[in-house]
Amino acid sequence: MTLRRALILANFEKAAVRELAAELEPWLTERVDEVRLEGDIRGFSAELESLTVAERAALRPDLVVVLGGDGALLGAVRAFADEPVPTLGINLGHVGFLASTPATRWRDTLERVLAGEGVTEERARLEVEWGAEEDRGARAMALNDVVLQRGSHQGMVRASLWVDGVWVTNYRADGLIVATPSGSTAYSLSAGGPILEPNVDALVVTPICSQGLSNRSIVLDAKGELEVRVEGASGLVTLAIDGQAFHTLQRGDRVRLRRHPKPSRLLALPGLDPYRRLRDRLGWGGEHAPGNGPGVS
Amino acid sequence: MTLRRALILANFEKAAVRELAAELEPWLTERVDEVRLEGDIRGFSAELESLTVAERAALRPDLVVVLGGDGALLGAVRAFADEPVPTLGINLGHVGFLASTPATRWRDTLERVLAGEGVTEERARLEVEWGAEEDRGARAMALNDVVLQRGSHQGMVRASLWVDGVWVTNYRADGLIVATPSGSTAYSLSAGGPILEPNVDALVVTPICSQGLSNRSIVLDAKGELEVRVEGASGLVTLAIDGQAFHTLQRGDRVRLRRHPKPSRLLALPGLDPYRRLRDRLGWGGEHAPGNGPGVS
Amino acid sequence: MTLRRALILANFEKAAVRELAAELEPWLTERVDEVRLEGDIRGFSAELESLTVAERAALRPDLVVVLGGDGALLGAVRAFADEPVPTLGINLGHVGFLASTPATRWRDTLERVLAGEGVTEERARLEVEWGAEEDRGARAMALNDVVLQRGSHQGMVRASLWVDGVWVTNYRADGLIVATPSGSTAYSLSAGGPILEPNVDALVVTPICSQGLSNRSIVLDAKGELEVRVEGASGLVTLAIDGQAFHTLQRGDRVRLRRHPKPSRLLALPGLDPYRRLRDRLGWGGEHAPGNGPGVS
Amino acid sequence: MTLRRALILANFEKAAVRELAAELEPWLTERVDEVRLEGDIRGFSAELESLTVAERAALRPDLVVVLGGDGALLGAVRAFADEPVPTLGINLGHVGFLASTPATRWRDTLERVLAGEGVTEERARLEVEWGAEEDRGARAMALNDVVLQRGSHQGMVRASLWVDGVWVTNYRADGLIVATPSGSTAYSLSAGGPILEPNVDALVVTPICSQGLSNRSIVLDAKGELEVRVEGASGLVTLAIDGQAFHTLQRGDRVRLRRHPKPSRLLALPGLDPYRRLRDRLGWGGEHAPGNGPGVS
């Protein structure tokens, strides 16, 4: 991996992040032609969005290093949504599903990455378009999930789900989550959804607090085109992209979702146990502690 | 579809099945060179199993018509497990997930099928091998699911799950279900699993009454090789293949599962609503009755 | 039941409600000394709340008849929260859990009620107080549930649960529902909670989309005093009373809940099948249709 | 508490149990008139059952000390089912819901108990009778649960639930669990049921892998009489009492359940945190680790 340009994205409100950035920046500057450090991920993403595609391409780095948790990484991925940049998430808290490198190992991981020995995990993303029937002008990209949900003072959302133009079912619920495999371990899991391994070529649709009690998740082929129609609501409906960007829908609006042709590319240290994050997240380690080795005590 | 040889499989205990067979057999005999009618699906499958592969191949029809529900179809598919035969399930009760043609429409469906206009749905199957570590002699095929479960007088089963040789997690539960997309709407659904569309290239692993409360289903890429190891049990563990064939496992035994290269081929009338069975099964029709057309009232 | 004064509460936006009110009012006027008809339940409740306790008591009827569904009945019960009035809910849509008399039977039900032959179901209510630690000035009454929930643009709510001053557990979730048996079949059920028979002397606490996956409901003795503390939130937290009145909480606020000494008194026709509403709500009728009589087909 | 006679029940297969018994027996002999030590709980219970009620009463101790986990305690309680004896469960493994005293604290707990300062928790029990319609000869007592379940080679059980002679609903499932509050944290929890605080005067009915997807638990007033009828099954149905004693039911059989007038009396050290066991069992401690004190970090 011959790197000309690296970008460090971090949220400087946390002291630990500032400290890590102060160590990391000079280290990286010695090894890469050009290093840029940004201390406000949201601000930086917003700044990029105001540029033309060509201007944005001109700023495009060869490597993004994110200091923070899964939330910071979701924000960083948004910055270069059109043309994903290999991204390394260095996690300062619990091991994340996206930001998988613990802060204690940033040095050896980056060394391996710069030596071209990093592992690149491709993670499917969702492309979302929404608006009134005729006019679906708005568009965004999600790495984890796209969520339709009622306002907290409002009644149920009524929505219908369509796959490749064919009606699947209706929902009467607090909301509806469409998640990628990456997102299957985030909000969708809390709403009762299954876990999808990152390499499963599928999306999962999970209702939130469905009034119908047979509220099961549906796992759909990622090659299809999904549409969610807002059939009714007592007020406005929020459309949340990766839990970070929010838009407003109203009755009759349609949300079209498909897998984006270009996945995110997440970097990691080779040899990491792919299921450890899962066991940690689920508390499985504690409940079924294996004996010596991976057996069962 | 030029058909030389058709086989009708039916369970003759039910009068309605005998009556339908009495109508269907002469109708088919007029249109196909050779028609064979069997009134005991289990018996016929067992008979086939006692033959050599070559003898079985010699008996292989070009079309199987099954009279009955999903259970009958699962049994029929077992009869020609090595080399699946296009199979039409004619359902005498509720519309099934596998036997999707209602009895009232047998004539036009078969006409279309014989005219080569039937729709063929390919349904992934599981190949299962099991036994002690060194010796995994036993082998079977499943269209819906492979289930490990405790005897009704016994304590929890402890099992571990492995994918491509990597440890995923441990279970302490009544049992464990590995299901194909077809099977995701059967027992796995009752145990809390998600629904997988038939064309999703994945398998789903769902624990039954897990002692650990984070008992979520995991959806795994069907290209992987799964292994379930019986780590402990207070007695014998049952291995159930499609809920019809039963074998016995003991502590230390291993069950290896992979997608079989040849899917089952289920015939259906073209133009059937692919999600109607799902809505019927889930009672979604009733709970969220759409207004006129597929909208929401 | 010697009735001096009856109050009819209805929401006049719906034509069917206006028509029923036009029939019911003269019928009741012939049988009761004084009948008052209000066509705006929310407006009427708000008007009452602005009065003194004595003024409100002076207006107190002997019977309230509500035309509408469960939502209308919840609003009507709020109007006389301090001193519950026997209330008959006449349902114009699906049979409700609270408004249990179908519109087609209003006449014979009211005749029985006026003859003193109506059945009175007592339904436990919750008394809620909330505010900062030292000052818990605000107070309300709920028949169904008290819900804490995050705003739709905000992150998880962190809350702790206490019973009689003893810490039970912490939640990190979209919200938390404390429901009476009446409310156990409403929002709490959608969030995964169990059904509590109306006469069970208990409350049920159910998290909404808990991040912890062992998110089970806890059923607590209604004689205890519950407290929910808002430990953290990324913004304001909404406190919803019966899904109709909304208040705002912030970090550090406490919500104290106890069973109110005076239950609501709901009137019904004698001999109604107490479990029919449940089977209807749950779609159990459809899924397990009993044969002739209450057997199983 | 003036104690004349103490009984120590233990399962001598485990070395740790034998060691603890060897310490405990002489200690107790110095403080109580008569101490009896039994090293085979099942054998001892069976022996008692072969005696007359009078003979059994003559053997009745004033205190039972059980060395083992919840399973051992369930067995010990069965020994004196007619007339419960105050029972102290000393737990050699994880803290149990029933056997709540850790082995490290046996001495101070017994000292307090002998000084009359132990806490006695009353735990509701179920009385079960079953048999054909006219003849319900068989009878047993359960502290945790009564479970009807299908054999592992058999199809669904169809059963109906009745409360005080009124039909509630039908089930088509792997089985049905009727649990006391004590049992709500055992098998019922694994099957998706809620947690009932020990002092809630209720029972909970939870289906196991219900084919109907609206498979929610129902919490019923413990003052009612429940009946479960076996409407159909493809083979024999097992009736399990506290997961330890097994009986056989067939189509048409009825199981009648009511709260037994005499609860079990479990002894414990005063001041134990009543919710710690719950948090441990549910892994809540780990997932929502409180900061200093019971706040939320």
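Per-chain residue numbering starts at 1, and chain names A, B, C and D are given in the order in which the chains are listed.
As a convention for this text, a contact is a pair of C-beta atoms (placed from the backbone, for glycine too) under 8 Å apart; a residue touches a chain by one contact, two chains touch by 3 or more.
Keep in mind the model is a prediction, meaning the values are calculated, not measured.
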Practice task
From subunit A, count the fewest steps through touching chains until subunit D is reached.
Solution key: 1
Exercise for the section: Could you compare the number of C-beta pairs in contact for B-D with that for C-D and name the larger? Expected result: C-D
Practice task
Sort the other chains by how far their Cα centres are from that of subunit D and give me the top one.
Solution key: A
Problem - Interface composition of copies subunit A and subunit B: same or different, split at half - result: same
Fill in the blank from the handout: CA centroids of subunit B and subunit C: separation to the nearest Å works out as 46
Practice task
Give, as an integer number of Å, the spacing between the C-alpha centres of subunit D and subunit C.
Solution key: 35
Problem - Geometric centre distance via CA averages, subunit D-subunit B, whole Å - result: 39
Problem - Contacts with 2+ other chains: residues of subunit B - result: 189, 211-214, 216, 282-283, 287
Problem - Overall pattern in which the protein chains touch one another (line/ring/star/complete/other) - result: complete
Practice task
Using the touch rule from the top, collect the residues of subunit B that touch subunit C in their complex.
Solution key: 213-214, 216, 283, 286-287
Fill in the blank from the handout: In their shared complex, subunit B is touched by residues of subunit A numbered 158-160, 163, 166-172, 184, 189, 193-197, 199-202, 204, 211-214, 216-221, 231-232, 273-275, 278-279, 282-284, 287-288, 290, 294-296
Practice task
Could you please specify the touching residues of subunit C with respect to subunit A in the complex?
Solution key: 149-153, 155, 173-174, 187, 189-192, 208-215, 238, 240, 243, 246, 282-283
